[in-house]
Amino acid sequence: MKKIINDGQNVVAEMLSGYLSAYSRYYERVGNSNAFTYKNRRKHKVSIVIGGGSGHEPLFIGFVGKGLADAAACGNIFASPNPELIMKTAQAVDEGCGVLFLYGCYAGDNMNFDMAEELCALEDIQTAHVRIWDDCASAPKERKETRRGIAGDVYVIKVAAAAADAGYPLDEVVRIAEKARDNINTIGLATSPGSIPGLDKPTFELGADEIEFGMGLHGEPGIERTKMQPAAQLVNRMYDELKKEMLLQAGQQIAVLVNGLGSTTLLELNIVYHELAKHLTADGLDVHDVEINQFCTCQEMGGFSITILKLDEELKRFYDTACYSPYYAREALA
Amino acid sequence: MKKIINDGQNVVAEMLSGYLSAYSRYYERVGNSNAFTYKNRRKHKVSIVIGGGSGHEPLFIGFVGKGLADAAACGNIFASPNPELIMKTAQAVDEGCGVLFLYGCYAGDNMNFDMAEELCALEDIQTAHVRIWDDCASAPKERKETRRGIAGDVYVIKVAAAAADAGYPLDEVVRIAEKARDNINTIGLATSPGSIPGLDKPTFELGADEIEFGMGLHGEPGIERTKMQPAAQLVNRMYDELKKEMLLQAGQQIAVLVNGLGSTTLLELNIVYHELAKHLTADGLDVHDVEINQFCTCQEMGGFSITILKLDEELKRFYDTACYSPYYAREALA
Amino acid sequence: MKELNLQQTMDMLMEVCRAVIQSKQLLTEVDSNIGDGDHGIGMAGGMEKAKAALAEGAPFADINTLFKTTGMAMINTMGGASGIIFGSMFLGGLKGLEPITVLDGNTFTRMMRGALSAIKARGKAEMGDKTMVDALEPAVLAMEKLPDADWVTLMRAAADAAKTGVENTKMFVAKFGKAQYLGERAIGFQDAGATSVFIIFNAMYEFVRLH
Amino acid sequence: MKELNLQQTMDMLMEVCRAVIQSKQLLTEVDSNIGDGDHGIGMAGGMEKAKAALAEGAPFADINTLFKTTGMAMINTMGGASGIIFGSMFLGGLKGLEPITVLDGNTFTRMMRGALSAIKARGKAEMGDKTMVDALEPAVLAMEKLPDADWVTLMRAAADAAKTGVENTKMFVAKFGKAQYLGERAIGFQDAGATSVFIIFNAMYEFVRLH
């Protein structure tokens, strides 16, 4: 694995050093830790703190900014940040209106954020959390609280941050974030593995002609391994899963994210949407907005995911506001 | 090569179908060709038309939009668009104030755009062109008109489009675009090849432990093949080349772009800037702005490039304006 | 040997750090089979930091601080599931413990029982869920069956029980961590965290055996 | 055979298309060695489109339109350096040519001279620059040495000269196209475009030989 790094141990600190000095206009490091805040955040509002394992860039570093999260706490590669770091990050942005933690539902994140909330309580910081579990390939619907959080994180962060910016109190921001979370599903597929910087073996193996539906962002196994197929068939299969899971119906308003996992090109991702759009049109869905990008990756993993967010008027209001970070910028939608 | 495509012949048309239906808010196809225009472009101004071979996404499709180009003509993978397509694209956005073509300096692009200008003349469309030749590894300074255009395209497009939006006449926009072009250099390195969709062999070969400095965006050979090295050393070498080439001096104001070639992750690119920033600081350069992103790729090629733009007050004025496309969005800089 | 003094306890913890660091490759492989492959990096990194913190913090006033330093270093550098779980292995037994400067087997057994409770409270895993609990709980039970034993006997029993626990994890489907998504496919593979527990007790056993 | 009628000319161009399409793999490999590897895709794609355009456009009023249809199809589907260069190979000789319905060798030779001039004007390449000019120019010169020759003689000479031209490109450093950046390292490899020129003339030779 040829990785452009210096030393496997220091990758996260060095990445943040690069990011925060390049974008010092926007960001400020928390002490000399692996966490940072958005400088121009609105005051007197619920603070949004995001975080998780590193290695999925631009998530989480690219979802802090205007109309987005107020701060991010970055763990080591594929490992949750620690409780003290999370607490310090919350402390750095707390405005006395409470802090909402948004993170993907993984054992490590759950435990570290839980303990961080205990530490915050000792510091008199009011907290809440919403765990994101959008990956419908990772567990059956009845056990959805054990599902993984993947690209759907992006929508939850966007919507919750807009609600916080709109001045909603903590319990309302939680309600809206949970509503978004409960209206989002994602399914992915992998064509080739990523690798952990500093290790010389990839995170998993796939035959030269194989792909896996539903594979997780760290190479966790999915629901089916098959031979490689043309884009149209791959998208068919994935859309079917989402349609069943989400009970999609004509007239339903949705937002759609086609997300590349790392080395799959924008050319390919746009072809994926070319195929997906046919289904959405045929089923009479009302497509409010679409993003085709690399938002939630697993190093140079090959493959992509499709995320659908069902919108109602309230969610749409928060979805539509402008946001800005170096990796996720949108003008306000009309 | 596992590519998420349907058919090697149709990739560009299908990619554009996906892109233009996802972002129909912003874009409109020219007829049913592989070209499109920005819907909300300013009127009564010089029109900026960009284009070149596909396969380098987000270039060129992602550099059309607010404060950016007015239209793009997309060729087949790694092949210039044809003269008729270019002419039709120009025709679609011509406001009677002239059309400026911006493209990378490659034999195919040069000939096709030249012939397109001849076709435009027959249609009474006033035209001009600026060829971009920023890759200082591709030829010595004395023959810089034969150098390749790579990531530096982004800056020339940004600055020229801002000048056009500011209402400058064609000859002035040409002057400013050329000034930008003449103040930009880029050097890249490749760690692994990309592949042309539909072909099953990569575009070139590199040993498991080898990298190549100065390799072109289609696998054209560079200036030196060496063993893989830590990020710090790679950046040293590249910065040295740029410093020599551009005669960088303390106090010079610059903008910097660290660009990933495809599968090299944002984690790595940010580490590259972590190293680069040390040199820039040590040399007393005045870093006005930095971007770390994947703007100009070669499919899933591994590696990155560093671009430096020397700014003066005029260039800075145009650099600083806001711009928006799904893949390149920036707020106005203070 | 019935008691370890402060220096000996410190040396034993240092030995634990070294053993885990040396097992980085093994732990990477075990976690790669059914997890995400980072357990070796994580544990080795945490133990590097613990070693450094112990070296830097010396001399220590009491054994409590030794354990606290180790546990906090792990939690705060590793992050991840195992940072908090393995940090708790060193921290979780300190609650309510008066400052001590000698460590006898009974006290250590009580500390490990406290750690086990903390870990189970935090992580909700029970025996059979294919986690480090499958190694830690048998080790604690084995130690509890040997009140007033000397350190060598105690640690041999703990390491043996942990080892059996590791073997048992092969039979289980995972309920926590990244292996849970594998379902039946995880069967046949041992749990990474359980392997670390064995390495830790085994290092302690080797230490007391040689001193 | 001294003259081709309209249908024969059409059949010959179809044969050229087929031959190039069949050489896709070879052209890919040749371009991969010292270029970007897309010449096979480009030429095959252009010729597919030319074939379709010829089939669709038939019946044609004159031979001029046959060549124009082929050349325009290539330019407008291939793009790239070779789209315009090879499109010009079919278009470039039409300037000033009265509509014709039979094609004799002298006219064809003049057309190829016109094409060569157009290509050199557009692309600025000269003999020795390691481009398709290195195959086309010798072919034109060879044909010009055979006024009033029958088609088989003429085309054999053209194909032979092109073949030698291809061989010669191996000795050159490239001045145009993506191989230029290779400098000395391009020596030993033949030029992709020159290879296509040979394939085109050779297909014509095979066609007239068999008819």
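We just call them A, B, C and D in the order they show up, numbering each chain from 1.
Please note the rule applied: a residue touches a chain if its C-beta (ideal position, glycine included) is under 8 Å from a C-beta of that chain, and two chains touch if they have at least 3 such contacts.
In this text, all values refer to a predicted model and were calculated from it rather than measured experimentally.
Between the contact lists of subunit A and subunit D, the overlap consists of B. Chain geometry summary: the mean Cα position of subunit A and that of subunit B are 28 Å apart. Centres computed as Cα averages put subunit B at a distance of 53 Å from subunit C. Note on chain placement: the centre of subunit C and the centre of subunit D lie 75 Å apart, centres being C-alpha means.
Inter-chain centre distance (subunit A to subunit C, centres taken as mean C-alpha positions): 33 Å.
For subunit A, the set of residues touching two or more other chains is empty. With chains as nodes and touching pairs as edges, the resulting graph is an open line. Inter-chain contacts occur between A-B, A-C, B-D. Contacts from subunit B toward subunit A in the complex involve residues 2-7, 11, 14-19, 21-23, 25, 54-55, 57-58, 61-62, 66, 191-192, 197, 208-209, 211, 228, 230-232, 234, 256, 258, 262-277, 289-294, 297, 299-300, 302, 304, 324, 326-327, 329-331, 333.
Partner subunit B is touched in their complex by these residues of subunit D: 28, 32, 35-38, 41-42, 45, 75-85, 122-123, 176-178, 180-182, 185. If you check the complex, the residues on subunit B that touch subunit D are 8-9, 53, 75-85, 106-108, 111-112, 114-115, 138-139, 146, 148, 196, 198-199, 201, 203-204, 216, 218-222.
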